[in-house]
Each structure stands twice: as structure tokens, then as C-alpha cells.
Amino acid sequence: MDILVGQLFTGLSTGSILLLAALGLSLTFGQMGVVNMAHGEFIMAGCYTAYVTQQVVGGAGVSLLIALPIGFAVGGAMGLILEVLLIRRLYHRPLDTLLVTFGVGLILQQVARDVFGAPAVNVTVPQFLRGGVEILGTTVPKTRLFIMALAVVAVAALALVLRFTPAGRRIRAVVGNRDLAETAGISSRAVDAGTFFIGSGLAGVAGVALTLIGSTSPTTGQSYLVDAFLVVVAGGLGRIKGAVVAAVALGALQSVFETYSTASLAKVGVFVVIVVFLQLRPQGLFTLRTRSLA
Amino acid sequence: MPHRPEHRPRRAARAIAATAALIVTAGAAAACGARAGEETDAFEPCLDTSGDTVKVGALNSQSGTMAISETTVLDAILLAADQINAAGGVLGKQIEVIDEDGASEPVVFAEKAEKLIREDCVAAVFGGWTSASRKAMLPVFEDYDSLLYYPVQYEGLEASENIFYTGATTNQQIIPALDYLAETGVESLYLVGSDYVFPRTANAIINAYAEAHGIEILGEDYVPLGSTEFSTIVNQVSAAGADAVFNTLNGDSNVAFFREYANVGLTAEQMPVMSVSIAEEEVGGIGVENIVGQLAAWNYYQTVESEANAAFVEAFKAEYGADRVTSDPMEAAYNAVHLWAATVEKAASFAVDDVQEAAGGVSFEGPEGTVVIDGENNHVSKTARIGEIRSDGLLYTVWESEGPIEPDPFLDGYEWAADLAVAE
Amino acid sequence: MSKFWESRLGVWSGFAAAAAVLFGLAPLLLSGFRLGLFAQFICYAIVAVGIGLAWGRGGMLTLGQGVFFGMGAYLMAMHLKMADAEFRGGPGAVPDFMELAGVRELPAYWVPFASPVFTIAAIVLLPTGLAVLLGLAVFKRRVKGAYFAILSQALAGAFAIFLIGQQSLGGFNGLSYFRYFFGFTLNDPVNQRMLYFITAAALLVVVAASLQLRRSRYGELLVAVRDAEERVRFLGYDAAGVKVVAYAVAALFASIAGALFVPVVGIISPASIGIVPSIMFLLGVAIGGRGTLIGPVVGALAVAFAQTALSEQFPSAWTYAQGLLFVCVIALLPGGIASIPAVAGRIRVKHRPEAVEATT
Amino acid sequence: MNAIALSCTDIRVDFDGFTAVDGVDLTLRRGEVHFLIGPNGAGKTTLVDAVTGLVKYTGSVVKDGRELRGKKVHHIARAGVGRTFQTAAVFENLTVAQNLDIAAGAARSPWTLLRRRTSLPAAVADTMERIGLAERAGAAAGTLAHGQKQWLEIGMLLVGDADVLLLDEPIAGMGQAERETTGRLLHDIAAERAVAVVEHDMDFMRANASRVTVLHGGAVLAAGSVDEVSADPKVQEVYLGAAEREEAVDAAAA
């Protein structure tokens, strides 16, 4: 029983980290079809934002709470700049976007190395997040609970924004049918930029949260990127619901594999499962049905 | 492409035929090299000692993931070279250090090592960190009969005539750590490591040791290098309830591991963790409060009390800034340069054969204590130390071996290690 | 100009010129060390030719060529280790690195690699077979574009992690310390030169094979699939099959390159085949011109050369240079260097009327 | 009555609960140009998608006694059912001759494919004459005028020996002269084949249809000759009403 509860929580917490990393991608890749390989570096930027904020503000608790919105703004601003300068010119060349943003990621990593130095930096975990909480007989670290809660809040906020705000409705309109939305007077350029801002901002938030788990180095974001993409692919394009389910499922899967073999083999196992899964459902868990051929 | 519906000969087929012909001619022209077992012409070293300088190479990763660690080693090498030069050089010649970037890739290490030997004609090379980089360089140094000084603790099971190992081998680090744990009454262990050669070998040794000494191994887990996801593993460690954890994680993984460890409520009193690759730098990243009281096994800490260390730390901080800390591999690299200079002085020659000949017994009063080159296996004798992490973030010695331990890279002196098997 | 290179004379003179440079000029001008480096670069160029075919002509952005490169390399490395062990300890001897790790019994899957014929067959067949299987699995389900790219990238990551966990394949350290290559001593300069010739010849063969594929009906079909896959399907072709062929050929080229890389460089480890090295294979192809025959070769050689030259001078600048090259070349010059004449021509044409406008 | 080339029975296509095609029967005969008309969303293109294997459906499609349902796209194409797309799908980077050569070669052996094209197949040359593109043989298809691309696409089906042709809005964007040429082409090729045309343009339909099927809401509203269908009051009510709305939409979009 204990083991099972423990499993459940590790699966959920691994999944919530994956979800935070993948949520922004499910917007930019899933809804806009842009493969942004610099997404990992936006996460990394979020990590360093948390670090810098703590250096400036001091108190770990306050600085964490301040860093979350700042991280969103920093990630979002970087995404916006990237969108306006490069990605906008490449919407009809998705594969080229992939390579260009990979180059941007390389540059950002080296910038981080030159600015903050190669050694990893550390963000102090606030007092109220230290230690664990007893839940059904297992100790769950408070940081994990915080990240799970943050993931829930981020998903809820994103869903609400997409559903109920005018900006969100525009985004959904453009995703649904770009041409029709244009004829309805929606500037798809502005919407694209806005979507990218939100998606990249979420990466920044994920980065801030990740500093609670590990240290921050220029390559921090890279390690999450491939997993995050797999979450979006397995979840199905354009579906936040899919990203949520896929993230939790992959987290649980990884955790179960890890229990019965090693973490290394678990990674390989998860990949095999995804390839087999895509054999069965090439469009992912949930799909937007369209009639278009492309 | 304009369309011309005419008959065209199969050109590409002819091109292939022509290429094949070329291969045959090229083969015929070149196929007179040595076959297996035949003597090959020895490489003529191009070392030029006619001037008043002598070139040595420093080969460390200055870019890529390993740059974090390896640039500090480069600093220590340059410091040692400066000190030797200030004291008059080696055999009256000033040392000129040529530094190359290994870029954290074994292939680049091999390439740059060959460049340093064949193009820069250096007398010796200092550097390398990962075993992968050392394994990549080893054939190069053997083929071109040159010298590498390798300054990092490693998994042992190697002794090349062309490499001097100035970091600890397993009997100078892991076995003393196990002895210490056994002494303090530990009867069961949980093993956690990054998935690469050092942890795998270390854990094989630990398993053999445990079997011979009645210690129970309750679990053995590996994570991919750089992994930061430890919730499953820490859960398992916690559930297993071992007396202690032996940690061979590398670099950033330590941060995530210790945070998770502290967060589920595990402490040094309950279940101490013995780590073999945590230095002061990582302690800052983990957060002192998460790791205070935990143990580490090294040969050197910045806090080691000796005159030589005081001088080393002072000189290092003067050169590179007061906020810098010194670490075990840096100290080993610093020793390496001094050991090489001492050997050259003893041999009165820069020639590789002479240096190899003279190396046995050469000693240096290093920051960790006296280190002596073992002429049999090219390793050095080293003092083992168990350190405890205190609340100021520094490591303090709680136990040290009685004098330097003789290197035994193949663990020939340990009966229980006779049938060591690393691969599963 | 371009017509000449398409003519029979052009092709012949092109190959003759390349052969003259590779077999005559390079060994004459380069020191033994630089020639060895050049052989290493040629290995990358061979991978690039395959990527040019799969990506440039077939539109499949394969971010996982490291897998096939690695397979070829490990297969060859296993044979070299076996041959080495046999030379030292007789048939059935355990390779040195296993002996050190305490392995007394040779793992069963190593045994056949004592045979050179088996090894060469494996180098040709295994990666190609894997590519066919993967290709069928992926392309039949119409997974394409970015999806395929991400999957192939994840494959490279998973493969590297898998290898790191295999202690009987050297784990993280990989396999190194090879003494003999099919009976010849590897540290003999004469044999090293020979090895260079073999590598250079392999490049010419691979380019010739690629040329034949491009100019065949299959080559036209491949471009058709790249541009309008559904249309091809509705004409009665199995589009997945068409893609699988190009993907498998690219895998074969990568495998050959890997197999040559091992004796040339002397080491193969997971660090050379993971996610990042796999993407780096693409850089040269993009710079040289992905759709052209020679572009990927020139690009790959240029990138490798620049990396060696630049990193000797400024280690960290090289990372910036790599990043900027990706951004600038792909965003501004998607056709690579090969497209410069055409682009320049277009700019001239485009600018003239504007200039007139500006003056009036 | 002409010979039946393709018969569809009770075709039903379901998208996640939305029924796009709802029990359609359709029979195509050799020698006829059969028009499928209906307002947007009537299920015309979805019906073509179903027959050619692009979407799943229930019901039955039989050609020459063979059931086509469940077969893969390229197998259906090889069985002689060819289609075009609303936006002409030709290989823009290849020449006209190469486009046709590819279309002619679905049955080629791997060995033939791996060799160069040494001469142009006679069928390709003939077809180029037929669709009026012989002079543009060496031009990249991407440089053709809009109408020429549509003809090329039709030519690709001819050269591939398709005997049931499903054409999705073949005259979209064409001028009057081009429409007339296309109309003649349709009758020319329908002589020995069955041709189905999805179209909005009523004048073109009236001028060229041998038979008409009107779809509405996924079901057949009416079928018969041009006159019969035109006279049908249900068609007049539904179709003309919808056409007016569509025109309004078109005007808004422009």
C-alpha cells in the first residue's frame, strides 16, 4: 500500500515537472506548429531569473513568489523577441525553424556560461518548502507538492485564458482556421506573437519551479527538452488535455520502470513505449480532427 | 533541368567503376605497412630542448559540460608552472604551457593530444578528467611514446607506462571510506550512482568488500549522467532502511539527490551518505542545510592543515581571487606538474625514456602531504581522508589514514577483490 | 555552368578533380597528423551525403543519424577488440577492457564478431535493417515532418543512454585502444595513410551512389514525395516505401562512416552519437546546401575544419559561431553555400527596379 | 446504358459523432461526365476522400467486381481510381515531363526505378499533346499557369491509366477560355473512362454534365440528368438558397 501510494506520488510529481516543461510547448508546437528547440533555454532563463531575484531580494520565500511572475515575463519576452525576429519569417518552414531555434539555444547557453559562469548556481529553497508532509503513510517533499500545485494552477490559468478572454478566443480562432480568422479581422501576426509570449513565459515559470529541485547550469533546460517534446507528441497536437494526461502517464511510467530496473533503462523503456503507442495512435492521445490534407 | 528525351549512357555506373579502379591503385601503392606482430618504425619525438624554454601541454575541457570542473584544473596547472618558472624553471628552462580545449568530448581529447605531441612537440601533457577522455588519449600517448599526467581520482584497473596517475585509485579512496563505515558500525548499504564507469566499478568493489566483511547491500541504482529526477530512488532508499548510503553520483545530480533526501526527512544521523565526488563547490549548490553532517571521501580538502596547503591556498587565491576554493583534482594537478619537474631534474633529461626510468621514488611535499611516485604502476601514494560537511559549507577531516597509502590500482593486495566483476 | 557539371564530361571531370585532391594533393601537403584529421572529417562528410539524400531530397529531417553512425562504429570496434584479443590470447580470448572489468567469459553476442566477414556484413545490414523497420513503422503511420524529427532525436538520446548502461560495450567510456585493422598495425604511418585512402575512396563511392540515386527515376520520385506526399500516394505509389529507401540508404552511409571512424580516430563512445552530435551532423549539410550533391560534403568538411581551427584559438567562440551559423544559414540562406549564385542573381534582378524607383 | 465503372453503396463517414456522409449511393459509368454538386459541407469532397481511401467509411465501393473498402490509398489508385485536389497538387520542383513520367510509373520495378530515364515513354508524350502542354515539357511545374497545373494533374491521372477519375473543382480559378478547353478535355477523356466532377459552377455543370448527383447534408438530395435535377424543387430550394449564402460569404472574404 505504502509503495503504491509512494509510486502514485512520484509518478504525479515527475509528471507535473514534465507538464510544466511541456505546457508552453503544447501551445507553441501544438497550436502553432513551431518546433522551438530554444524552449529548454527559456526554462534555463527562468532558473537564472529565480537565482538573480534571490540575489537581489534576499529572502528565499519572497523571492520565489516574486520570481514566478518575473520568470514568466523574462521567458515571455525572450520568446516574443525570437518570434518577431526569426520565427515569424519561417512559419512555412517548420523544420528549418527547428534548426534555427537549436542554434539560438546554443547561443543562449553560451551567453549563460559567459554571464553566470560555467559552475552551477544554487537557489535556496524557502523555509516553508523544506521537509516533507506525511500523506497516507509516505513522506512527500513539500517542494514536490508545490510544483504539483503550480502545474495545476498553470494548466487552469491557461485553460481559462484560452476559453474566456478575448485574447484566448483569438488564439483558438487562429489555430482553428488561420484564413477564416484573418477574414474575421483578427491579426494573426499579433495572435502568433501573443501565443508565443504565453508559451515561452510558461517555460520561464517552469524554470523558476525547477530551481527547487536541482541546481541551475547553462545546460539545465536542455535535459528537459526532449522529454517535453515527447509529452506533446504523445498527448496529441493542440490539446492541453492531451499534454496533461501524457505528462502524468509518462511520469508514472518512468517511475514504475525505474522501480523495477534502473533510471537509465527506464528512459529507453519510455521511448519504446512512445514509439509503439504512436503506432497505435499516430496522432497522439487526443486529436483535433480536421479535413485538411497537409 | 531541361528535358531531353535522348539516350544517355550510364555515367554514374562508370564513375563507380572509375572509383573502384582508384581504390585498387591506391591500395596497391600503399599496401606495404606493418602487419600484426611486425615491428613498426618508432615515432621520432620532435621535442626541441635547444632553447631556454620547454613546452608542456595542458589538455582540459574549456567548453562543453565538463568545462565547469576542468577549467579549475587548468588554473592549478598554470599556477604550478608559474611557481616553477619563478623558482628558475626545470633544468634551467622556463616552462611554456600550451593549453588546448578537450571540449568535453573524448574524440577531441584524442585529437588534441595527438596535436600537442606531434605538432607542438611538448615534453609532457597534463589533463583529462573523465575516464572516457583518458581512455581515448591512452593509445595516442602509447603510440607516440609520450607522457600524460592525469590528475583525477578514478576507478583503477589501469597502469600505462605513458600515464602518471596523480589522483587516487580505488584503494586510496573507496576502500578507506568503506573501512571507515565498517568501523562506525554500518552493516547495510544502499548504493546510488551515475551511470558511467567509475560508479559501476566502485560499486563492484563495494559489493565484493561487503561480501567479505558481512555488510548487506540493500539496493544498487544508477541514473543517467546529469539526471535530476530522484523521487523514485529516494523513496526506495528510504523504504530500504539501510545503515548508510554510498553515493557515487556525479556533478549536478548530487544537488537534486541531497535536496530530495533531506526533504523526505532523511538526515545524516539516521542514514549517513558517504560521497566520493562532492567538493566544496557542490555543497554550495545543494544548500548546506540539506547536506550538513554528511560524509565525503577524498585525499584533499581546502581545510587540510599543513604548511604546504596553507601556501598553496594562499597562492591560488592571490592568483585567481579570494572567493575561489581549491579541490582535490586541482591539488592533484598541481602536484602533477611539480612531480614532473622533480622527475626531470632527477633524470637530468626531458626525454620520455629517461623520465620513465627516473620516476620511481620521486616525491613531492604536496598540500595533502607527501606524495611519492610508485615506479611499478606510475600511480602515487596518497593520504586518504574522510571529511564531514559542516554548517559553514566546508569539509573537515574526521578521519585520515596513517600516512600515505601505497597505490594498488588492480587491488592485488586484497584477497576479496580477486574475482571482481564489473559487468553484469 | 551548371549544365556542364551535369554533362558526362562534367561528372567525369568532377570525380577526377576530387580524386586528384583526395589521393594526390592532400597526402602530399598534409602531415601525418593532419591527414588523420582529414580522414576523420571525411567520415563526417560521408554521413552528410546520406543526410543530404534523406533530408535535402526526401524532406526527412533525421536528427538521429548518430544512431546509425554509432552502430557502424560499435560493430567495427567490436571486431577490432576481438581481433586484438585473439592476437594476444588466442581464439576466444576476452577483450582487454572486459578482462579488467573481471569478465572471464566472452558474452555470446560478441563471439561472431571475431569474423571479419560477419562484421562487414553486420555493418552493412544491421543499421540498414533497423532503418527499414523504423522507417516502415513511422512512415506507414504517416508520422512526418516535425514529429519524425522529434522521434528520431529521442531515438538518438535513448540509444546513447542505452549504450552507457551496457558495460559489456564499454559503457560510458565506450570502446578504444585498437591495435590492428584487419591484420595491419594501426600505429604504422604507412597503414594510417592506407586507412586515409580507404576513407577517401569510400567518400567517392558514396557520392557516386548518391549521384546515381538522384539522377534515377527514383530520385525524381523522392523529390515528388518530399513536395507532395499525398499526391504520390494517389498516383498509386507506396510513398512510405519511397521514403524508407532513402532513409535506409542514409543509415547505411552513416554506418559506413562510423565503421571507418573507429580505426581512424581510435575511439567510439556514447558521447559521439547522442542528441547533440546527431544535430551537429546537420550543420554542415545545411551550410553546404542540403539539396545538392556536393554541398553537404563541402559543408561538413568546412564545419569540421573550422571547429578544429577555431577551437584551437578561442574555445568558447566556437559555440557562438556554431549557433550563429545555424541561425544565419538556415534563416537567411536555406539553400546553403550552393545557392549563393542563384540568390545573388535574384537580388540583382530584384534590386534594379527598386533602384529605378528610388531615383525617380 | 453505359457500362458501370464504379458503384458505391450506402457510404457513411463519421467524424467523432458528426456524420459527414450519410448513406450515399453513387454509380459512375464509362463514357459519362458525372457531376457532384451541393452546398459547402454537403459531403462532396469527403465522399471523394472516402472512395480514394483517405478517410474510413462504412458501406461498399466496388470497381470491376473488386471491393475497394479497407484498401490502402495507393492500392486503390493502382486499381484505376484517380483523383485531383481542390488546389492543384503537382510536383512544383519537377518538370512537366517528369511529373507525367512519375504518374506513368506506379507499376515500375525497383530496378527500373533505380536507373535513369533514358527516353520518354510514348504515353507521356501523347498525354502532353492531349492536355496541351507539349511545349512546356521541360518547364518546372511550379512555373505553369493555374489552369495548366489543373490540366497537368488530370494528365497525370490519364497517363497512370486511371479509368475512374474523381476531379475536385477542376476549373476553380480558371478564365472562360480555359473553362471551355477543360470542358472539351473532360468529354474527350470520358470517352473511354468514367469521370466524376465535384463542382460549384452551375454554368459549367449545365454545359458538361451527362448526369448529376446533388448532395445535401451528407445525403443524396436528387440524381439524374441536368434537366431532371434542375427541375427538382427540393434542389432549387436547398441548393440555390445555399449558393446565394455562399456568394455572400465569397464577397465578404474578398
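Which chain is which? They are A, B, C and D, in the order written, and residues in each are numbered from 1.
Keep in mind that, in the parts below, a residue touches a chain if its C-beta (ideal position, glycine included) is under 8 Å from a C-beta of that chain, and two chains touch if they have at least 3 such contacts.
Remember, predicted model here, so these are calculated numbers, not experimental data.
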{"item": "Chain B omitted: connectivity of the other chains", "value": "one piece"}
{"item": "Nearest-to-centre chain - CA centroid comparison", "value": "C"}
{"item": "Chain pair with the most C-beta contacts", "value": "B-C"}
{"item": "Label of the chain whose CA centroid is most distant from the centroid of chain D", "value": "B"}
{"item": "Between chain C and chain D, centroid-to-centroid distance (C-alpha), Å", "value": "43"}
{"item": "Gap in Å, rounded to a whole number, between the CA centres of chain B and chain A", "value": "36"}
{"item": "Between chain B and chain C, centroid-to-centroid distance (C-alpha), Å", "value": "31"}
{"item": "Overlap residues in chain D, where contacts from two or more other chains coincide", "value": "54, 85, 98, 115-116"}
{"item": "Interface hub residues of chain C, defined as touching at least two other chains", "value": "161, 164-165, 212, 215, 230, 316, 319"}
{"item": "Multi-partner residues of chain A (at least 2 other chains)", "value": "113, 262, 264, 267, 293"}
{"item": "Residues of chain A touching chain C in the complex", "value": "29, 33, 35, 86, 89-90, 93-96, 98-100, 102-107, 109-110, 113-114, 226, 229-230, 233, 262, 264-265, 267-268, 271-272, 274-275, 278-279, 282, 293"}
{"item": "Footprint of chain B on chain C - complex, ascending", "value": "6, 8, 11-12, 15, 19, 23, 31-33, 36-37, 40, 87, 98, 100-103, 161, 164-165, 167-168, 171-174, 176-180, 183-185, 187-191, 193-194, 197-198, 200-201, 204-205, 208-209, 211-212, 215, 265-267, 269, 271-272, 308, 311-312, 315-316, 318-319"}
{"item": "Complex contacts: residues of chain D adjacent to chain C", "value": "52, 54, 72-75, 77-78, 82-83, 85, 89-94, 98-99, 101-103, 105-108, 112-117, 156, 160"}
{"item": "Complex contacts: residues of chain C adjacent to chain A", "value": "59, 61, 137-138, 141-143, 145-147, 149-151, 153-155, 157-158, 161-162, 164-165, 230, 275, 279, 282, 286, 316, 319-320, 322-327, 330-331, 334"}
{"item": "Residue numbers on chain B that touch chain C, as the complex places them", "value": "1, 8-9, 11-16, 18-20, 22-23, 26-27, 30-38, 40-41, 43, 62-63, 100-101, 103-108, 110-111, 114-115, 118-119, 130-132, 135-136, 138-140, 143, 157-158, 195-197, 200-201, 204, 222, 224-225, 419-424"}
